[in-house]
Structure formats: C-alpha cells, structure tokens
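As structure tokens, here come the structures.
Note that chain A is present in both complexes that follow, paired respectively with chain B and with chain C.
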Partner chain A sequence: MYIILVYDFGQKRVGKMLKLCRRYLNWIQNSVFEGEMTEVQLKEMLHEAKRIMNEEQDSLILFKNRDQKWMDKQIVGIERQSTDDFL
Partner chain B sequence: MKQTKYLMNPGRLSRQDHTLKFTPVDEAGNEGQPRFLPVEQVSDLYVFGSLDANSALYNFLGKEGIAVHFFDYYEHYTGSFMPREYLLAGKMQVEQTKHYTFPKKRIVLARAFVEGAATNILRVLKYYDNRKTGSLADAIATIEQLMASIPLVPDVPTLMGIEGNIRQIYYRCFDAILGETFCLDGRSKRPPQNELNAMISLGNMLCYSACLGMIYHTQLNPTISYLHEPGARRYSLALDMAEIFKPILIDRLIFRMVNKRQLQPSDFRMEVEGCLMKESARKRFVQEFDASLKETIKHRSLGRSVSYKHLIKLECYKLQRHLLGIDAYKPFKAWW
Partner chain C sequence: MYIILVYDFGQKRVGKMLKLCRRYLNWIQNSVFEGEMTEVQLKEMLHEAKRIMNEEQDSLILFKNRDQKWMDKQIVGIERQSTDDFL
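Right after this comes the complex of A and B.
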C-alpha cells in the first residue's frame, strides 16, 4: 500500500517522530513522508508513533492508496527530495 | 515489497537514528544534501560508485538482513556483503549436499537447469524470428536438436558442453536481431572487448546478484550448485539459477534498449583494457533492469500476478521442494 503521512507534533516530540518516520518512509518535505509499506509495517509504526505522541495535542494523518500507480504526483517549485531508488 | 537501492554516485553511507543515511560527496570532497533511506523498505543495495562506510553500518545492515553487492569500475561483480544466514535449516543443507554428491541425483537437476535455459532462449529467438521473418529458423532448429539430446547425456561435463554449444549458436543470432548498430563478434569477457559484450557482462552480473539476493531469503545454501561446479569462493547456485533467467531478463532488455535506440555507440568508451559503458548509460541500463524486475506477469498455476523478482524466489522454492522430495523440479519456462 502506498502512503502519504503528515504530522503536526509539539516541538518536544517532533524530532522523535521524524526519526521514526525516516525508518519506514521517504521524507519529502517538513513533516511529510511518502512511500510503500505493508499493513504490518504500518501497524508497527503506528504503535510506536502512539508511544511518542500526546494524543490530546498532536495529530497524525495518513492518506492510503492501494498502489502508487493510482496516484499522480505533481511538484510545483523545487523538489525538496526525490524518492527514487537510484542515488 | 522491499526495494533494491542502487548507489551509482560516490558518497558516504552511514547509520543514523536507526536508519540509513546517504551523503553524496563530489570529487572535491564537498558533501551534498544527505538523503535518508527508510531501512524497513530496503531489501538490498547495489553499489556502483565508490562508497565510504564503516563497521557500525555493516553491523546494522547485518542485523537488518540487508545484503550489499559490489561492482567495480569495469562493471564486474566483485563480491557481496552477506549478512549472517538467518534462515538456517540443517535438513535442507544435508539434502542439498546429497543431491550434489550422488551423480544420479545431480544430473537430474543439472539437466533441468539447461533445459530451462534452452527453452527460454528459444522463446526469445522465436519472438524475433517472427519479426525478422524467419531469418533465425536455422539456429532454432539446431538448438532444438541439441535440446533433444539433453535427457540422454550421461554426466555433467557433457551437459556443460551442450549448454556451451547452445549458447554459442544463440550469441551468433544476436547480430541478426540487433541490426547494424552493434555487432557481437564473439563473446568476450574479463574485460569485454566491444559494446555489446559490455552490455551482456553488466546484465549477467545484475541477474546473478538478483538470484543471489533471492537465494539468501530462502533456506538454500548458495554455495552448493548442480550445473556449475561448486567453487571455493563463489555462490555458484546463483549461477545455476541465473542461467534460466538470463535470456528473459537480460537479453530481452538488451534487444529492447538497442532496438529502441536507448543505447547508442556514443554511450560507450573504448579503453586499453576493453570497452566500458559510460556512467549515464549504465544508470539507464540499471534503471531499466530494475523496472523489468518489478514488472508483473499473471502466473499460470498460482493464478495471480507475480513480479519477475518474485519469480526467481518461486524458483528457489521449487528447488527446495525437489531437494526435500516433495515435488520434482521443473524449471521455469517462459510461455510468452
């Protein structure tokens, strides 16, 4: 499944969340990640995210897509970071 | 499915925050903007550029079960960093060795590999024979004749001989398929002497590494092989496996890229030692290879779509079933 993840965390916790997301998804912009992941990996990540976040103050939003091919990505301005497999 | 990452540019790979960080470094030693690779989504790494890394990184990769395959300046496969085996199965190992030591058992598997390779070669040739209106008919007939003798060969060296003959005839067809832009002029290796040989070498190496990567994720031991003689420092089972997939994965890729003019003679550089692919062309080639690994086909007996990469893994599973005496091994034969 292809995921776009955005979060808005309090300053104290935002760094932890960034590190967690980097393990699973590609960073594309501040507080925005995208990438392919499995159901289990998502569960794993959400479980850890819930331990970091303060559910009264922080928010985490997921956009799920069955496949990347159903998603069109358009970039206006600069691309902060590409996500391809060739470095 | 986890992805293969290709490191084409020089840089430094390090471990940070329990994930991978790649920092590109240019010739002057200036560091570029780092990129974080999500470690949970990486299956293996192919390293083409020069890479700086330390043992902390390798410890981490080992723990995560990520293999690293290295290719040198001349696009030869130089070796792999293989993490500790994580799928250990003593029974499998014993059976695998038994099938090697008993000539009667070994020849069955060796034959299957050659048969699979030859069938796939024929499949490729027949496709181009159709398009080039019968110019390859002679070669096809000869290969079919040679194939008919496979079930009768008494031992592995003779089988290797037949395999060699098939491949020779096959490579002779390349010129007819590709037209004038490139000519093969005989297969040369270490180093390849012309453009086409350079493409085949790089392609075969990629195929070999892909097979090795898949074998790693099964219980099979990559050093015990059946068609090729197990060497001292080689993962020869990957060579056996690659035999089957080379025609459909690599040769088709080469034909496609040359005929579509995605590769031109200007993409190559002649050096004293041999012919080299220029960096940009190499990247394109590897990119196309990766795309074809991800391409899916509708599997006949499974009834669902599987990628070519997964097809290699299924091949390992079939081999395992044969070794454990569950099913006889039937090599993968392309039907399209």
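Right after this comes the complex of A and C.
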C-alpha cells in the first residue's frame, strides 16, 4: 500500500513524530512523508503515533493508495528529499 | 482529477502561494491542499505558481489521481480544514 502522510504536531511532540515517520516512510518535504507500507506496519505506526500525539491539538492525515501506479507525482522547483543528515 | 498539493516556499512568497492554492483547492493542513481539478485548471495554477516561486529555493509537489476512489483518506487527531478565516 502506498502512503502519503502529513502531520501538524505541537512543537514539543514534532521531533518524536518526525523520528517515527522516518522509521517507516521517506521524507519528502516539511512534515510530508511517502512510501510503501503493509497494513501491519501502518497499524504499528499509528499505534505509536497516537502515543506521541495530543489528539485534541495535533493532526495526522494519511492518504492510502492500493497501488502507486494510480498516482502520478510531479515536483516543481527543488526536490528536498533524502538528505540523510536532515534533522 | 484529484490533486494533493504540498508546498514549501520561502517566507516572502508563502502568502501569495497560499492565496493561489485556495483559489483552486481546499486547504487541509499547514501547506497541504487537496481537491478536484481539470487539466486546464492545473496548467493555469502551475503557470501562476511558477511566477510566484523561486525555483532554486522553493518546492512544490503534486500528487495526481485520476479518481479519488482509488484513494482512502484517514484523519487522526483534529481536523484542521475549512476555517474560512484561516490566513
């Protein structure tokens, strides 16, 4: 399953969430990640995300595609992704 | 065509980009928008976005789906979208 994940977390929790997302997905921009995941991985990740987040203040949105082939990605301007020393 | 748009623009240009995106799409979180667009609308919007952006500093990513039915959206925590007085 192909996932696009965007989050908007409070400053105190954003670092933990970033670390969690990077364990499962590829960072593409700001608080946006993408990648392939199984249902089990997604469940695991959501379980951990819910422990990090404040559900009354933070927001997490997932777009799930059965297959990446249904989706077309276009990048305009610079591509920020995949610097491994990004914090 | 169903679009997810994420941008990361320099502070001087971010306001103009936000305004442009809101003319065509629905804001869902931070610098993330979604919505239905025709090819012509997309072309128009990209043309204007390129006039606003600094292509060496700013980044714009589009995910295009022929049909929203291939995609599933899940929101965890609060839903930020559609406050019309959001700046």
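The rule is simple: the second predicted complex is superposed on the first by the 81 of 87 C-alpha atoms of A that agree within 3 Å, B and C clash if a C-alpha of one lies under 4 Å from a C-alpha of the other, contacts with A are read in each partner's own complex, and residues count from 1 in each chain.
The definition used in the following text is that a contact is a pair of C-beta atoms (placed from the backbone, for glycine too) under 8 Å apart; a residue touches a chain by one contact, two chains touch by 3 or more.
What you are looking at is a predicted structure, and each value in this text was computed from that prediction instead of being measured.
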| item | value |
| --- | --- |
| Partner chain(s) touched by A:Trp27 [first = chain B, second = chain C, both, neither] | first |
| Chain B versus chain C as contact partner of A:His47, first or second or both or neither | neither |
| Partner with the higher number of touched chain A residues, chain C or chain B | C |
| Chain B versus chain C as contact partner of A:Met37, first or second or both or neither | first |
| First (chain B), second (chain C), both or neither touched by A:Lys19 | first |
| First, second, both or neither for A:Glu56, with chain B first and chain C second | second |
| Intersection of chain A interface sets (partners chain B, chain C) | none |
| Residues of chain B that touch chain A when the two form their complex | 1, 3-9, 11, 17-19, 22, 24, 33, 35-41, 283, 286-287, 290 |
| In the complex with chain A, residue positions of chain C that touch it | 4, 6-8, 28-32, 46, 49-50, 53-67, 70-80 |
| Parts of chain A lying in touch with chain B, wherever the complex brings them together | 19, 22-27, 35-37, 41, 81, 85-87 |
